[in-house]
Structures are given as C-alpha cells and as structure tokens.
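What follows is chain A paired twice: with chain B in the first complex and chain C in the second.
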Partner chain A sequence: MDISYIFVICLMALCSGGSGFSPVEGKQKSGRGRGSMWWGIAKVGEPNNITPIMYMDPAIHSTLRRKQRRLVRDNPGVLGALVKGANLAISECQHQFRNRRWNCSTRNFSRGKNLFGKIVDRGCRETSFIYAITSAAVTHSIARACSEGTIESCTCDYSHQSRSPQANHQAGSVAGVRDWEWGGCSDNIGFGFKFSREFVDTGERGRNLREKMNLHNNEAGRAHVQAEMRQECKCHGMSGSCTVKTCWMRLANFRVIGDNLKARFDGATRVQVSNSLRASNVLPGLSPNAAGSSSVGSNGLILPQSVVYGEEEERMLNDHMPDMLLENSHPNNKIHHPNMPSPNSLPQGGQRARNGRRQGRKHNRYHFQLNPHNPEHKPPGSKDLVYLEPSPSFCEKNLRHGILGTHGRQCNETSLGVDGCGLMCCGRGYRRDEVVVVERCACTFHWCCEVKCKLCRTKKVIYTCL
Partner chain B sequence: MDYQYYDEESDYIDVDEEELAAAGGLDYGYGKPLDEEVEDYYLGGGEDEEAAYHNGGLVERLPQILHSCVKPSLLQVLQYMAPMLLLCLVCRLLCLLYARRGHLSQNQFQSLRMAPLHLIHLGCGLTLLHFSVGYRLWLLLLLAVVGYLLLQLLRLGRHGAQLLAMLTIGSQFLYELLIWRNRSDWPQLRGIQMVVNMKLISLGFDLTSGGGGNQLTKGIPNPLAYLGYIYSPATCALGPWVSYGSYSNCLVPRSSWLLSLRRTVANAVLCLLTVTVSNCLAPLLSDLAGGWHFLAMYTDALSVRSSHYFVGFIAQALLVVTDQRLDDARESELLGPLVAQPWRIEWPRSISALVRSWNIPMHEWLKRYIYTPCKTTGRHSRMQGLLAIFCTYLVSSLLHGMDLRIYLVLISLAVFAAGESLLRRHLSSVLNACLSANLCPGAERCRYSNCPSKLGSWASVSGCLVQLANLGFTALAIFHLAYLGVVLMGDSLESGVGTAEEEGFLWHWKQAGYLSHYIGVGTIVLYLFIS
Partner chain C sequence: MSGTILENLSGRKLSILVASLLLCQVLCFLLGGLYAPLPAGHVTVLGSLCREDHTRQNDTGFLLYSRGAGACTPVVREEVERDPMKMANELVHVFQMPLPREQRDLDYSRWQQNLIGVLQVEFGYDSSSELREPPRELQLTIDIRLAYRNKGDPANAWKLYAHGVEHRYLDCVTAHVGSTETLYSCDMIPLFELGALHHSFYLLNLRFPLDTPRQMNLQFGHMHDLTLTAIHQNGGFTQIWLLLKTVLFPFVVGIMIWFWRRVHLLQRSPALLEYMLIYLGGALTFLNLPLEYLSLAVEMPYMLLLSDIRQGIFYAMLLSFWLVFAGEHMLIQDAPNKSTIRSRYWKHLSAVVVGCISLFVFDICERGVQLRNPFYSIWTTPLGAKVAMTFIVLAGLSAAIYFLFLCYMIWKVFRNIGDKRTSLPSMSQARRLHYEEVQLLPSLIYRFKFLMLATLLCAALTVAGFIMGQMAEGQWQWNENVEIQLTSAFLTGVYGMWNIYIFALLILYAPSHKQWPTMHHSDETTQSNENIVASAGSEEIEFSHLPSDSNPSEISSLTSFTRKVAFD
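Right, the complex of A and B next:
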C-alpha cells in the first residue's frame, strides 16, 4: 500500500505539471525509462482520427514530460504526427521482429508503465532497436507532417532554394543560377530532426552509460532517416536537354529505414566504457575507467570520433542536406578508421581546441564516445546501434525482466532460421494444428475503385510452440 | 564515469522489485491479459494493414503526391513561366508601339527603320535567357558571335551553306567536348544552342538558294537583325525553330489580343497539366504498375513524352504571346501554332506519323534543308529515298549532340519507321486497302478501293479488316514508342544517391528482351520477303 501511495503522488505531481520532479519520482525512474514514457501516446489516440487530439487529454498529459508537453503546446498539430510516428515505430518494429523470439510486443499500456515492457530496463540489443526506431519514426512523421502542412509552426523547407547543388564544385556558379536551384516543398527533415532531438531526447541527459546508449541510438535512428532522404529531379527541354528542371526532396518509405535499422541491429556493437568529453574539466588521468580497466582505447582513439559527432551535429543543424546524403563525406570520418588510431600528437591538440570552442558555444550532450566491449572491434559509428549487455534468451517467461517467452508462438516448421520451430521454441517441442482459415480471395477490381472478393475457406497447418 | 552505471543498476534492480510487488498489488494486468494481447498482435494480422500502408493504393497516395510533388512542381514551373510570358508580352507591346509610331509598311526589311524592332527582340530575348541560364549567357553570346563569323562563309555561295552546316554541327561537338567537364552547364545550354544551330543552318541555305522564292532575304542580315533572329524571345529558350523569313514577317504583331489571350491560357493550362503528368502521375502509375514490365515501360515513357509536350506547350504559349507564326501552316484554332501534337503521338497511326508530329518545326526543318536536297541529288529512286532518310536521321542525331541514347533511339526509329512505311505501302497496294502509313486524305482522293472512309468505318467486312489492321499497327507503334521512350527516361538526373537503375540505360531493353528491335527488323524482313 505504501508503494501505491507514492505512486499516486507521483501521478498527481505529473498531472498538475508541477515544477521539477519530486525526489521520489526521480529515484523511481532513474536509469531507464526516463525518456521513453512518451511511447505511450501511441495507444492514447488513434492515428487516423481526423479530429485534433488535445494535448490537455489527461492520458497524454501523463505520458509526456513537462518539456515535451511544452513542445506539443508550442507546435500545434505536432501531436497527431507524434501519435502517428509512435504507431509507425511499433508496427515497423513488429514487422522487423515478427520472426524472432522477441517480437516487439507491446504491453497493455497503463500509466506509469513502459509501452514495450520491462525489456527496456535492460540495455540489450532489442532495447537499442526500440530507441532507434522510435526516434527515427518521430523524425520521419514530423518531417512528413511538416511538408503536408499539418504542423503550423513549420512550413515547407525552403532553405534549399537559395543554394545550388553545384555551388560547391564550381567557384563561379554561385551567383545568378535560377532554375538550377532545387527548391519546392521538400519533406522538412530539418524541422523533424530538431524536433525529434528536443522531444525524444528530453529525458536522456547523457549522465550515465545507459543514457548515453539511449542518446546514441536515438541519434542513430535520426541519422538513418536523414540518410534516406532523396532528391528527386526531373529535366524538361528540347529532346532531353535540361532547360527546365524541377526538383524536390523526398523521405524514403519508412520500411526502408526499418530495414536499415534491422541490419544495424544485427551488427550492433556492445559498448562498455563511457568517456565524457562534455565535462572538459575532467582530466583523462582522473577518469575512473583509466585507472580501472586497461583494455579500453586511449583517448587518442576517442577524440576524432567525438569531433565527428560535433561536426555531424553542426551539419544537421545547418540543414546542409547534400552532404548528409553521403556517409563518410567528411574528411574527419576518414581519420576515424577502426584499425588506425590517430597519432596522438598534433591532430589531437587541434581537435581539442576545436572541441573547446564548440563547448563554449553550446552545452552539448551529444559529445561522447562509446568504446566497444571488445577492444578489437571498431568503435561504433554514428549510424550503428549500441548496447550494453547481452540479450536474454527470451525463451521462458520472466516477468521480472518483462520477457514473455515463446510459449504459444507460431513457428515455421521448415525454416532453419530463428522463426523455425527448433529455435523459436527453444527445443521444447511444438504442436501441430489444422485450422480452417477464412480469407478473402479471387479479388476482382471493378471500375472504378471497388474491389470485390470472395471468401475462401482453406485448411492451414499451424505450428505452435509448447 | 562507468561505475555510476553499475551503481544505478543496483539501484534500479531494487526499484524493479518494488515495482514487481506493486504489479502484484496494483497493476495485475501484466500476466494473463498481456499474453492475450500479444497473441492478438501476433495472430491478429496487423500485417495486412501495414502492407496497405506501405504499398499504398492510388487513392491513399494521391493526397500525398499532390502535396509532395504536384504543388512544388507547379510552383516551380509557374515561377519559370511567368517571367518568360511577361517578357514576350513586353516585346510584343514595344514592337506594336514602335510600329504604330513609325508607320512601318511590310516591305521595308533590311532598312534601318526595322533595326529598333530587332533590338527590342534581342533585348527581350537576352533578358529572358539571362533569367533562364544566368551567367552562362556570355557563353551563348560568344557562340552567337562565332556563328555570325561562320555566316560570312555564305559569300562562297551554295557550297558555303553546306560548309556552314557542317562547321556548325562540328562546332557544337567542339563546345560539347570543351564544356563537357562542367556537366551541369551543357545539358542546359544544349537545347538552346541546338535551336541556334538550326536557325543558322536554315539561314545559310535560305540565303544561298535561288529558288527559295523569298527574295527579301538575299544578302547577309546585319548583326542586329541576326542577333534579333537568333535570340527572339519566342524561340530562344525552348525552341522551336522558325525561319528567318517568318521571323521578319512577324516582327510587327497583327493578331487580335483576345485570340492571343485565349490561346495563351489554353496552352498554359495544358502545360501545367502535362508537367503534372510527367513529374507526378506517371511515376505514380509506374509504381503501381509493379509487375508487368510493359506497363512500367509505358508509364515511364509517358513521363518522357509528357515532358516533351510540356516543353512544346510552353513554347506554343510563348509563340502565341509574341504572335510569332511558324513556317508550317498547320495552326490549331484553339492553341495557335503547333509545336507538337500530343494526340497524334499518344494514338499514332504509324511510327512515321508519330515522328512527324513529335516536333513539327524540327520536322519541317529536316524536311526542307536535309531530306529534300538529299533526295534530289541521288539517282536511284528507292536507294535515294533510303539514303535521304538515313541522311536526315544522321543530321538529326548529330544536332542533338553527343548522347548515345538519342543516337540509339533515333536510329531505331529510323529503321522502324522506314520498315513500317515500306511494308504498309506495299500491303496497301497489294490489297488495295487504306493501310499506308499516312492517313488517307479523304473519300474522294483515296487511291484504294478498300478504304474505311469510302466504305463506312465498320459497315463492311473489308472495312472492318482494314480498321483492325490499322489498329494493330497503332498498337505496335504504341509499343515501339514505350520501348524507345523509356530509354530517354531519367535524363541528367543528378541525385545525391546513385540509384541502382543507373547501371545501364539499356536495362529496360534488356528486360524486354529487345523485343521491339526484333519486331522492327522483322517488318523489314517481311517486306523484303513479300516484295
């Protein structure tokens, strides 16, 4: 009863929008779910609902943090996109993991609980994917909503119009090129990116390793969205010449981003040690890990990457899209090579100086480097996913860790992969059922715009894990 | 810093246990109900919805396309078109004002009193070009000066004109080689320079031919008149070619304002419509076509075709605004002078008819300056015809600059068109039916007895057969058109990310198994077989 009392108090504090967090709440939520409660809005409002979802809705109110509520209030129309984005993330996650033991199940959402369950409490691969995909989905849906005009505070991104794509290559061509500029209503990735940072990263302050992991994965999700942004152009002119050219930017289908993130999930890096460069007054020698474990990479390895982070951020904030389309376009990324530690002497000094300048400008929580658990692996790049601990087997139900187990899951008898009955059921065996399935079949298209189908009954064999 | 993490972990395991206890007491919904929900998710086929979301039906994607493609495209096209139309209007007004004040009569060409008119045209044209190509205008002016120097070759007589033509085309190659490095420059200038070259060559032949009939254009025009002709606002940016004769005939606009307004609006509306089809609708249809390769090819080619119509409609609008007439007398009541006839291209009678309607002024130019002279110089009648066709296509390819794709397409077109028209001519004379590549001129003048226009379209069996045969040829032409057009797709797209399709422009042909080429060669073989 005592606990529940505290819980209710917490809720009241949240609902009233009171200043700051009570120490009790701070204690309770520390470590993991800090920035992830907003996922709950996926279950609050229906995404297809045309009527605007009010931010005063108590259910929404309770899932959002104070800063997030402010963001939603200040940007009318953003809430619908957020709900859409959260649902997009869930459906994409469930699509990507449909054949795995952990199938991205969401729990019966209730206040104060995490949407994806307690798996989020562990810093495992699956968690890293959840963070990345949710952050990516928010970036994506906000950017798209921007270009669709449903968010009032952002309009079509006309920042491209003042610049010619060739301007970098030819010194003389900057002035007076009118119709070669690309403009128009691009998906406003800049706004989506910034908003996602503000909104998604609210709770992650990068103070401990887990928060750094979350930050890194959030950033990775956004980086994937940004990398998948495409420019589409068309030329018109006499016989294929290019007298008139029209261009616009398009965000890729979210499935592509989901696929890319899944690939990164498969090759995710386990990280171990955090080195904060944000606190510039912390001397390397005093850093506890330097004294503790000797296996971690030297600071010489760390610094270039941190500069890459800084540069990358600057580019993102400047909306300099063409460069973003090319990964590793920045020369610093070439310095940062897995097997090539940068020389400790000169470049480091220069980079440190630049780093310092940047810190003077802005307090930055994105300045950090995560080191791989296995020192022989290369450090994670900005688009890689990182995790802290190995994943559980997900075989048996473990409520303590929010694992549902694979009991009762369907499996594929013929497959040798993770969806095969052998792996999926963890060797417990499986049951064979014959089911009559009623489905729509022999669909025909009638002009115009009506599809008529028959109902067919087919026998299907279903295998279920014991 | 890392110890903090482990510190916190222990902390949060504690909390975890607390929460677990709480879950037992307060929030029991974690065990059984949750399982059901998960089952729900797993079996409940959220997948279908998802697929629908991602693949997207036409209806679903239309609003999205409308917003992300149609709006920006139209906006950019309007931004491009409005100043051009305005400049042409200014040009027309100034010319009209000058003509009113100066009481010009029509037979005062070459006189100094015409100079201001040329100047007006030149000024408007240069402003328009500056708006369109920016600083590259200087390059164009330089090329124009070179052209004027080349024009002095005409003092040599008829051979001078031929030399001029060769040098002009040769110099185009030279520029292309020189400017090729700046790839962004040339595709934009190519179309403009192509029109300039056509004007230059036509001027050369016009001035040296004795039987041109137009005695006024004897003697090389002065530089101002030359530049006014080359950079007349109606034709400098997007073509089409007009002869010097018709340029100077139309220096003083005569049409009524109301007619011009009506035609401009019609052209502008069609232009916006076609650019929408080209940019947004055709790619959408191409996406939806999915599996069927011919449909994908057709819609991709549709994008290319409608892009061409778009350019044609802009050009027509500009022509109407400046009241510039074309050499070809064909004029539609609604649209004014015609550059392209989309309806004849989308539903062609034959490939050669299609080629003729593709760019009417260019066709006229080729016919007048390349095809007819080639034909009259040859000796054997059949070889002569083939040679003339070959010559025409050669010059036409060379005019387009160095583009392998255009060479391939044009050569294929030449072969297909020649084969088809030979076969159809032979068939029509053998069967005494209206099967030839050109439409029968009407019931009275048709040479053949089995003609739908004589018999009534579907009234008799033979009429039906003739109609069906012609329909078949039309379908074949549509297929050829899709097959050839798709190669020109994706011209000079310089997206940041290299797309997979760029691996070879012949991909579509390979995918279709070079079917069209087999058919094309097949028609020729068939013709040789039966003749």
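Right, the complex of A and C next:
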C-alpha cells in the first residue's frame, strides 16, 4: 500500500515536471506578475496638483513600464485620471476592508517596492481583490475623465455609426470631425475598457499561473464595472413621443462596484490552471462595433455569464498535477484530495495538458481557463475573483510577508463578526478609551454664502486591540 | 361623365405604376438604411466642479467653464468629501459641450438641428442622521445658466443664452447602503430643450442653493456625480432627411398641379373627395417643404414646434381624408345636394378635431413655452404632468373613437357593396338589360378594395415600423459588408411611404378624360378589359338621366353604379 502510494507520487512528480508547470514553484518571489508597479503613481502626486506633472517625472517614470509610459505620453490628460483611479482604488479598498484584519494598508511608497506591500507577492484572496479593484478603478476613472473632458484623446468610435462615403477618403482626424458631424460619437465607456486592458494588463502575459490569476482578476474588475452599467433612454420624437428614442449607458457609482467586488472576495474561488482553452472571448462586447452606440442597447456590452468549460472528466484528471505542486511548495497547506487518480490515467492527462498549452500559446492571452482547486466547486465565472493560496491570518506583524498585524486597530465590542474585538484582536484582548469628539451640527444655510453651525460635543467609546 | 383614372387604367398600366411606386418605396427605405446614421447622437458630460465666486454670484453674466484658457481650477471630489460641510453653497457644476475627442475640440454644427439636455443626479445622505426610505418627489431647486460661444471666439467669450431658477421633482432609488453614507441614484430629469442648435459650443452652470429659511434643497445630503446627456439630431441624418424632402417636394407639387388642372378641365365644380385630395396634397407639401435649410443660416428656435405642427396638420388631414373617403363610398343617398364637410361630415370629424386640438394645446404648453424658457417642461411639476396627461389621454380617446368609427364605416361600405351585388339578379328585366355588365363590377370593386388594402397596409407598416424601430435597437447586419441602420431606415421608409401613398391617390383618383365609345387601344391585351369599362361608361351615360342621379359631384362610377341600384 505504501509502496504504491510512493510510486504514484513519483509518477506524478515526473509527469508534472514534464508538463512545464515548474515556474509557479520556482519563481515564487517574482511570480506576482510585473504589472503591479504602476499602483505607485497613486502616491507620486496628490491628485489636485497632478495636472502640471510631466510624464517624464522620474518618480512616475520608475513606476511605469515602457508601454505604460508610451500610453501616458500619447494620451494627454490620462495621467491625472490614472492617479485619481489608483487613489480611488486605494480608498475604496480601505473602505471595504476597514473592518477586517487586513485593512488594505498601503506603505510609504519607495522606489522598487510595491504600494500594497509584500502581500502582493502571495497569490491570496487579498491580492486578487487588489488587482480587481485597481483594474476596475482605472476603467471607471478613465471613462469618467473622458466624460469630464479632461482626456482629449478619447475615441469617437464612429466606425459603426457612420458610413459617410466622403469621410472615408479624408485623412485621420479631419475624418473624425466630419464623422462627429455626420453620425455623432459613441459613449466614452468603451475607451475606458480598452485603455484599462492596455494599461493595467501590460506585463501580465499569462505565462504562468500567477499571471493568469492576475489577468483573470483584472478582467473580473472590468466585468463588474460593465455589469453595473445601466441603460437610460430618452424619447424625443414628435411632441416628445417615442417615435425617436436615444439610449446611452450610465456608469454606476464606484462604491457600488466596490460592494460587488467585496461580495466576490468573500466567495472567491481557489483555482489552478486547466488545459482546455476558453472557447469564447472574454470581453466580446468591447469590439468597436458594440461599445456604446447611442441607440444600440446593452446587449453587446454585457459579458457572457457562462464561460464554456472543458470536458468534465478531463478536468477531473488534470486538476491534480498543479495541485500537487502547490502542496509541495507550501507545506502548510493542509488540503488533501480524497480521490487520487489511478496511475494509468495520468500519462494521458499529462499529454492532453501539453497539447492544451501548446495551443494556448497561439491564442490571445485572455484565452485560458481556470479550474477550481476543489473539483466539487463551481468553476469561476468571468466576474469571480480567483486566488491560488490561502491567506495568512494577518494577526501578527510579519515584515517578511508584509503583514502589519492588528495591534492598535480599532474594533467593535458588540460585533460578533470580523470587526468584533474578539476576532480582530486575535484573542489578545483590547483597551477601552473614552474620547470627546467635537463635530459641527445643526447647521443652517443661507443663500447666498452663509453657513452657520453649532459645535456639538459627543462622547465616544473607542476600543483598541492590544 | 367619366370615372377616375383608377377605374379606367388597364391592369397592365396599373401594375407598372404600382411596381414603380414600390421601387421608390424600397429606395426610400434603403436611403435611410444604407446611408443615414442613427437619427440622434448624444454627448454624455460629467459635471466638473468649480468653486463659487461669491462676489459675483448674482451677476448672471458670470460664467464658469472647465476647459480652455481662463478655465476654473477644478475642485477634486476628495476635497469635497473631506470638507465637513461638503462645500455646501460653494460649488458650481459645470458642463461644457461637446467634449473633445481624438485630440480635437469638437463643435456643434448647425446640421445637428436641436439639443435636448437631461440630467442624472446621484446624491448621498449621511446614514447616521436618520434611516430614510428611497425618496419620492423630492423638490430640487436648480439655478441654471446656459451660455454659448461660437467657433473663433476667445475661450472666455461665453454669452448667456438663458437663465432660470427651476424646480424639478426627483424620484430616486437606493444604490448603496453603507455604514457612513447611503447613496441614491435618481431618474433622469429633463433640463433644457433648444429648438435651434445655432452656436458651436454650449456651457451649462448649475448651482444647488441650500437655504434653511426657504427650505431649499435641504433634503439632499450632498451631490455626487451629475451627468448631463445632451442629445442632438445627427448631421448626416438631417442631410439625408432634407435630401428626401427636397426630392419629394417637387414631385408632390407637380402631381398636385396636374391633378387640379384635370379637375378643372371637367364641366363641373370639384367634388368633395377631390377637395380632400388637394387638401391632403397641400398638407403633405407643407410637411415636405425643406424649411430646415433656413436653420443653417437663421436661428429658428421654433423649429421643433413647427415640425410638430406640420406633422400634426398632415396626420389630421390624412385621418379626415380616410373618413370622407369611406363616407363617399357609403352609397347612402339621403341628401340630394352636393356633400360638403359642413353638411355631412362634421360629426364624423369631431373626433379628429378634438384629438388634434388637445395635442396642439399640449404642444403649445410644452414646446411653445420652451421658446420663452428653454428649461421649462410641463412634466416637471406634478400638476403640469397631470394636465399634460389629460391632454394626451383626451387625444388617445379621440383616436380610439375615430378608429372605431372608421372601421364601422368601412364595414358598412363593404356590406353595401355586397348587398348590391346580391340584389342584382332580382331586378326588373328592363334594368337587367343595363346590368349586362355585371361582370365588370368585380374588377371595379377589386380596385376599390385594392386601395383600401393599400391604406391598411401603409397604416400597418407605419405602426410596425415604429414598433420595430423601438425593438430593433440600431443596425442590422445584412452580411459582412452591408449594414442596415434600421431606425433611420424605418423613419425614411415610413416618410417615403406616405408620400408615395398620397402621390398614388392623386394619380389614381384624378378624373379620367377618356371618352368611352371612341376609345381605341393599340394594346391588344388590354382591349377586352377596356371594352368592359367602356360599356360601363356608356351604361353610366344612360343612367345619368335617372332622377336620383342628379348629383353632379360623382367621381366614381362604382359609387354611381351602386347608387342607381339603391334607387331601384
């Protein structure tokens, strides 16, 4: 019995070694993917004095990759939107996690370090949330900046609206103006999505599992922005009747998107890569044909909720090899699979895995499929967050892993949840303080120009973790 | 006395005419589908925040703008969030249209005709204050300033177009309930309607004055995003539309002149149906008149109202025509004298008149008042909305009564025709002799029915077209190369269809000048058919001496034929 078990392990190690998954294990340190350094621009300049900042500012220069620098240079005004977006992501993340042990703290940014600290090096849930929220925030903030008129290079996207024959002969921007006159411009939201893909996803080539995880979470963030878009219509035909109707898309408040992402964080899926490709494009609605034409409905823009998955049995077979690898690399992982595959089925699975990977290289980097770590779970959808390894407890300070611990955090004495003092302080106990807070209250307004308020003193009790 | 062209035209000529008209119809549809863009475009502008200059607050010429030299320094939203008072009474929401795209400052063109602005409001309450239901009918007070600037003007040369302090009622839903703040997202509110898009750039300054003694805007915690959607007619659509009008206009005018001359060549005064036809042609000509060309040079804010009135007159005329058309074929000969609108149809037409007047009053209340105050909308106050709804319900009711009545009349026409046909065999021998041509009756009835069918088809296609235009949402892919813009195609198709329909009516109901007995045709195939019609004509000449047939206004031999039977 023991001998056969060892044999199985050896065989699996052999097979998986041959199937090329070793980068996950070997490049753990740098395996976070290289697309995360740009977060640093949040701290480079305060958003209100960003406008005069040049893109060649050395601090910005060091945080951006070459392609990102080019995008910033080619799209004047986009930098301000990116800084706003990054700050939006941080404040939203901190809002959503204010009651958890990990509170989305950012470190004093310095060159070459990650803004969110070393937690990003681990492929845990928190990391997946950071990726998704930053990608969503960039999408949201670019689309907003286009609507505000602060980015001048937002596309008009008239391609589907105009077939003006004379415009085709005109060169570049002249044709753009003609087209605006002829058929108007589309919504700005499509530009936000395209830009976010270009900017946020640089450096994530989807070659290893971690990069795939990042790509998936980035896409999930954008998918949430898209899913929260609402169509609005206005009738303006004869006497205001609906013989002529115009429709457009409206972006939701980012707080709503943050709420949804937080819900997905709570139900995030632990995954491993599988071999079959995703059959459908991840964001088919973002082709210029569908992105926000004025009377075109939302149909084209809504993501397909169901992603086509590979054959069930094939997945069952292949799931276990990266799983074994993860278990090897993290000895503290206690999850074991009850059903070990029979030895003779493995070579076949490994072969299929190689085929799948070979095909995958030819395809777009968004064409991949992640399968749940626990095969009984549902495979992750396009809006689900995915992670690779369980989160640390975040209780104690651990600088090696970039964990600050919960010492000195405020907690809620009456709550039984994570924000309750019992869980938040990890059983270390807490301190009770009474403070007097002075607030403005009972304000009266006068139009114009006058606001009178009283100052109210309220006593508040604050509990702090030891 | 001769019949109409419809009765005398050979089947072959009729089919050629119908085929060519159908071809024109397809052309109209394809013109809209292949060349025109969507009928309307929009620009969605997110409000920028500027700090109020309290010293110049009451100066309506003071305008803040967010782009171009001398623009205000935008207030960042985080700054507002940090401020304990959320910068109440210190912010101006600024919207500058259109937005720059592809590194260029776009400007509105006069081809874009009109501009309609709607506003979407998001605001947040402090959750700690009190737990609230999603608010309904909250009164929002807005100080609106609309300004314009032309191409070539300096960046600060904004001129005030209109200023007003307006009230709007908001219906909101909860978007997010948080521990610190509850967010509400509200239904869009109409903000302004400009009948003339005469200038290149437009600027909107919105202020939400907070005032405790006057209870102004106190229910709104603080404003989050304000989104303005400015809808304009697409320039390409205007061009195609005007092209269509310009082409159709001379044709309809020409056929009207031809028709009227033919009527006057007869030795009688024109019949009621002929008057109706010429009125209908006149209404259509008024609709076709490409007045929009003037708006390229002159500022015409009344264009929206005028186009409503033009369409209204046309539809009123068309509806009246159908009633009179059915009535004239009712074959009831109670009044021996010539029928006029006053003598016979005033009861029938009262539904049309009531409907049209109520729609007209509604339109004057909405778009007429907008000429004076572009921010006005009758829908914004609960009372105004009720009044507007009353007028619309009244119009709807009269439309329903009208259609019921029309259906009843058409049913009666068909029943009368059927009765006459069955009563033929029981006639006296002497009369029977004159009805040897009973066989020609089916062909006349067929043509009458043919036109009824065409009318029904046109009406059904119009309704279906508008419904499809609503459902189809945008373009439809024929194959990889050909895309059909369905919304525009339906609009041009329906417009062309009514033109063609009236064009056909004017041709087919024009009096025929054919002299039956002396008629000669080179066309072999139509010979027999024409002969039958010819004998019908001769029969009619004979019967025109009958005492009952003293009505000289008869234009249809079918009508006269059946009337004679009724006399029996």
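To be clear about the criterion, the second predicted complex is superposed on the first by the 292 of 466 C-alpha atoms of A that agree within 3 Å, B and C clash if a C-alpha of one lies under 4 Å from a C-alpha of the other, contacts with A are read in each partner's own complex, and residues count from 1 in each chain.
Just so it is clear, a contact is a pair of C-beta atoms (placed from the backbone, for glycine too) under 8 Å apart; a residue touches a chain by one contact, two chains touch by 3 or more.
Because the structure is predicted, anything quoted here is derived from the model rather than measured.
**Q** Just chain B (first), just chain C (second), both, or neither: which does A:121 touch?
**A** A:121 contacts chain B only, not chain C.
**Q** Tell me which partner A:272 touches in the superposition: chain B (first), chain C (second), both or neither.
**A** In the superposition, A:272 touches chain B alone.
**Q** Where does A:393 make contact in the superposed view: on chain B (first), on chain C (second), on both, or on neither?
**A** neither
**Q** In the three-chain superposition, say which chain, chain B or chain C, touches more residues of chain A.
**A** It is B that touches the greater number of chain A residues.
**Q** Does the superposition put A:259 against chain B (first), chain C (second), both, or neither?
**A** After superposition on chain A, A:259 lies in contact with chain C alone.
**Q** Touch test for A:458: chain B only (first), chain C only (second), both, or neither?
**A** A:458 sits against neither chain B nor chain C.
**Q** Could you tell me if A:409 is touching chain B, chain C, both of them or neither one (first, second, both, neither)?
**A** So A:409 only meets chain B here.
**Q** Which of the two partners, first being chain B and second being chain C, lies in contact with A:154: first, second, both, or neither?
**A** After superposing on A, A:154 lies in contact with chain C but is clear of chain B.
**Q** Mind working out whether A:446 is in touch with chain B, chain C, both or neither, as first, second, both or neither?
**A** Second partner only, chain C.
**Q** For A:207 in the superposed arrangement: first (chain B), second (chain C), both or neither?
**A** The first partner, chain B, only.
**Q** On chain A, which stretch or stretches are contacted by chain B in one complex as well as by chain C in the other?
**A** On chain A, the overlap between the chain B and chain C contacts is residues 91, 147-149, 156, 165, 173, 176-177, 180, 183-185, 187, 232, 234, 236, 238-240, 242-248, 250, 253, 255, 449.
**Q** If we count contacts the way the header does, which residues on chain A are in touch with chain C in the complex?
**A** Spelled out, the residues of chain A in touch with chain C are 47-48, 76, 84, 87, 91, 144, 146-149, 152-156, 160-165, 173, 176-177, 180-185, 187-188, 232, 234, 236, 238-240, 242-248, 250, 252-253, 255-256, 259, 293-297, 299, 439-440, 443-451, 453.
**Q** Write out the stretch or stretches of chain B touching chain A in their complex.
**A** Residues of chain B touching chain A: 1-5, 8-9, 11-12, 15-18, 20-23, 25-27, 29-31, 33-35, 37-39, 41-43, 46-47, 49-50, 53-54, 59, 64, 67-69, 71-73, 75-77, 80, 130-132, 134-135, 182, 184, 187-188, 190-192, 194-195, 237-239, 275, 278-279, 303, 307-308, 310-311, 314, 359, 400, 403, 405-406, 488, 491-497.
**Q** Can you list the chain C residues touching chain A in their complex?
**A** For this pair, the touching residues of chain C are 34-35, 37-48, 54, 57-58, 66-67, 76, 78-79, 84-85, 88-89, 96, 98-106, 109, 111-112, 116, 118, 120, 122, 175-176, 178, 183, 185, 188, 209-214, 216, 218, 224-225, 227, 229, 231-232, 234-237, 239, 307-308, 311-312, 359, 362-363, 366-367, 466, 469-470, 473-475, 483, 487, 491.
**Q** Which stretch or stretches of chain A touch chain B in the complex?
**A** It is residues 1, 3-4, 7, 27-28, 30-32, 91, 94-95, 98, 103, 105-108, 110, 113, 118, 121, 147-149, 156, 165-166, 170, 172-173, 175-180, 183-187, 207-210, 230-248, 250, 253-255, 272-276, 287-289, 292, 322, 325-326, 388, 399-400, 404, 408-410, 449 of chain A that touch chain B.
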